[in-house]
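Paired with chain B in one complex and with chain C in the other, chain A is shared by the two complexes that follow.
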Partner chain A sequence: MMEPRTGDRVRCATGIDGLDTILYGGIPTDNTVILTGSCGTGKTSLALEFLIHGALNNENSLFISVTENSEKLLANIIPYRFFDKDLLKSGKLVFVDLPAMYDRLGMTKAELSMEEIDLLVASISSLVRELNTKRLVIDSITSVCYKLKTPEKIRDFVLKLSKALSDLRCTSILVSEVAPHSNAYSLFGVEEAIADGIMLMSNLERRGDLLRTLQVIKMRGTMHSRAKYVLDLTPVGVLLVPLLKGGSAGT
Partner chain B sequence: MNLTSMGIPALNDHLGGGVLKGSTVLVVGGPGSGAEFFAKQFASTGQEPVTYFTSTERDEDVMSIMREHGWRTDINIVNIGTKYYENVLAKKLEISKFRQEGITLQDIRRIKDKDAGKEENFLTFLAYEISKITPPFRVVINSLDFFLENYDSSEVLMAMRTIKAHTQHSESVTLMTMLKGVHESRIQSSIEDLADVIFELDREKIGQEFKKYIVVQKVRNRPGLVGILPCTFDQTGIRTC
Partner chain C sequence: MSDANTPQGIAAQLSELSPGSAVSLQMSVDSYLEVMRGVLDIFARKKDMDTIYVTATISFEAIKRVLDALDIDTSRMYFVDCISHIMMGTTAAQKDEHASLVESPTMLENIMLKVEYLIRMSPSKNKLVVLDSINSLSIHNNNWILSEFLHILVSGLRAKDAYTIILSVEEHSTPEIVNLVNLVCDQVIRIGKPGD
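Moving on, here comes the complex of A and B:
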């Protein structure tokens, strides 16, 4: 077996044990990673955990919510045993609603122009700069893409955004929604090609049980396992165990 | 006959006493033709309570003209211009500031309490406000241009039809002003078609002076009343001569 390349890039440890093991220590810093999956696969939970661990580790963390009201989201994470409300007070963990930004910037039309895309990237960047954000989650990038419509604009947006975030030394997770049973990693098929990494979350039915699974498809700057792991959402956070092939009845 | 005054004695005389109650009156003219002034003189008269919708002036500007000419000041001014400024223009200004200077966390947070108020549809607001007035009423809409600039012409026409019907059934009177020659001819024709009475304020340059006219363009079912009345503007208002 090849010796894993692990020493050449600084890591942003996700704080999720199993995931850090898969990634040989964490996401290479400054990477922009697509976290994709159909609904109910645990994307938001995993992304939130990534941020909370960052904030606990004194890294400023920012959650940009697109679809859900951030207050509602907060109610969901409070049960986590490792969550500390002081993180919000101290500003280590910040929640922002993207619709509020759209409104402030007057982006009320159903489709954004190229100029507005630049403006949106600039606004997110300036927020990251202002807050000195080291970890960012946008949930979901798919909802932003609905306002972009064409593959060209989506490509332009994701490229510019990941470049800007990387320049600001920010490690980012862009949550992406796909239809169940879809073979693509993103709804528009564009985001995935540009991202530095892709982590796929799925549902897997086995022996009458619906399992959540996680698989790292691609991650620039590091070796990683490509095996499928079973994921458990618990009050102590995400738990990952290898999906045992033996005894599987298939789907 | 059931007539109501236009506020200009000689014009009333020409019309045989005034316009029929239930009429929707349109006043058109180019910039500087005096349509807004005409509207105020119209508001100064009649037995009905007056509601004056304005999109171009401040309340005090309307009142000072009324006082200056010794006209009634017990009119209810509904200032759509001010509302528009507060709701739309101020926001546009703020948007351009954010686009230019960038946006901070505080800016994003602040909006949460502020954006509760949805952007208002002023056309709906106008129709609703008129529907609330106890008839018979005297309403001035100065001017239609504001609505035609901001909303689809079909929406404006629909609202004007509603207001016209309400005016008609309640035996009230509504006057609206509109700039001449700036809107699509199809829209202008539709509005003119809807109006029961149309006055156009016109002028011609003769030597060093303007000669001014009230052109009675249309009086529904009284085609004999159309005509041209030379007029002057002075301290007492518009007078025909």
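Moving on, here comes the complex of A and C:
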């Protein structure tokens, strides 16, 4: 973390045009970014698209799933026009279920100890090293945090994990779940302070219409738009347009 | 009727414009059919384009019926329909490959998103986007948001080298609406009544 913050950092282009424009080219490489939002706002879809574009670009991509099993996720991405099944065969895109990893590591208790946190970070790191992963998604970090319980443990876990991933030159998206009207970016209020970036997805009600929005709240190492964008989830991926402001001027 | 007001005349004026142009097409209610033939039949066919037709006036099914009656081929037309949903709720239209429904004409961002989606899906080199009409949209939106919408829509389409044609109906227009359309357009074409 000694690089100068000149805005000239190497970028990890998400491959989502609108988002790369918002980020002036992409996520600065090695950043750990929280992708947060309430349920159904499109977090998993956006995160998957980030990985597919990476894999298509010859960057090894890893999805660590905590809540849904990989098969269900696959069913979600197959409709994507740009998805290529060969990415799975060639190992460019890998899915790992975290519950299986917990079992393997013997983490059966409801709450992880400090030692187990270290072991979990070490296991994820060695997986990333082995696979030479350049893009990682953990969906969701909130589910992992439920097993940590205290803010101290969560802080410890997220700090160690993001340090390890950054050292391995891996650009990561940690999906975070929040309640619909929460003002926080994470359930425990801890992850957001540590992360290099925060991208917020939400539902916006405007005079009876419900719009899906995305906003980059922070992103270390780059300038970025702070405006809200409206998005659509389509078979060609996430599409974004600026939220029109004229409405708030009133009629 | 002068030559410029015939379908051939309308198409000829459009054909002089380069891809990426935005046109404010002002017409009287009575010229609708001539405009449809000139724009969707002669002009789009001549340039070998897919057409994305945004309707805020009548349902896409009703427009299709009109075009069928005029014997205009709709196989290369895609509709963004932002009126059916509020008029009669969700129908089978959602399953039509050639139509995307926007829930309400106030969801201008979603109109842009559907247009963007259809542009990306279209394999044709040149593309035409028709907005029917600014007057219908103005029933549901204030002029500030409409102007912002047109500005973003048109600059996006210009960057993609798509033609944009924004229809306005003289009988339903106000000077403000005409102004806000003309502000984003490179060319104004008036299709008047004979003797106009």
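We take it that the second predicted complex is superposed on the first by the 239 of 251 C-alpha atoms of A that agree within 3 Å, B and C clash if a C-alpha of one lies under 4 Å from a C-alpha of the other, contacts with A are read in each partner's own complex, and residues count from 1 in each chain.
Please note the rule applied: a contact is a pair of C-beta atoms (placed from the backbone, for glycine too) under 8 Å apart; a residue touches a chain by one contact, two chains touch by 3 or more.
Predicted model, so just to flag it, every value in this text is computed and none were measured.
More residues of chain A are touched by C (comparison of chain B with chain C). Touch criterion not met for A:56: it reaches neither chain B nor chain C.
Legend: residue contacts after superposition of the two complexes on their common chain; A:232 is shown touching chain C, with no touch to chain B. Once the two complexes are overlaid on the shared chain, A:94 sits against chain B while remaining clear of chain C.
Once the two complexes are laid over each other on the shared chain, residue contacts for A:119 go to chain B alone; chain C is not touched.
In the superposed model, A:104 makes contact with chain B only, not with chain C.
The intersection of chain A residues touching chain B with those touching chain C, taken from the two complexes, is empty.
Of all the residues in chain A, the ones that touch chain C in their complex are 206-209, 211, 230-232, 234, 236, 239-247, 249-251.
The part of chain A that touches chain B in the complex is made up of residues 94, 96-97, 100-101, 103-106, 119, 122-123, 126-127, 130-131. Put simply, chain B touches chain A in their complex at residues 91-92, 94-95, 98-99, 102-105, 107-109, 111-112, 115.
Of all residues in chain C, those touching chain A in their complex are 103-104, 106-110, 112-114, 116-117, 120-121, 141-149, 152, 156.
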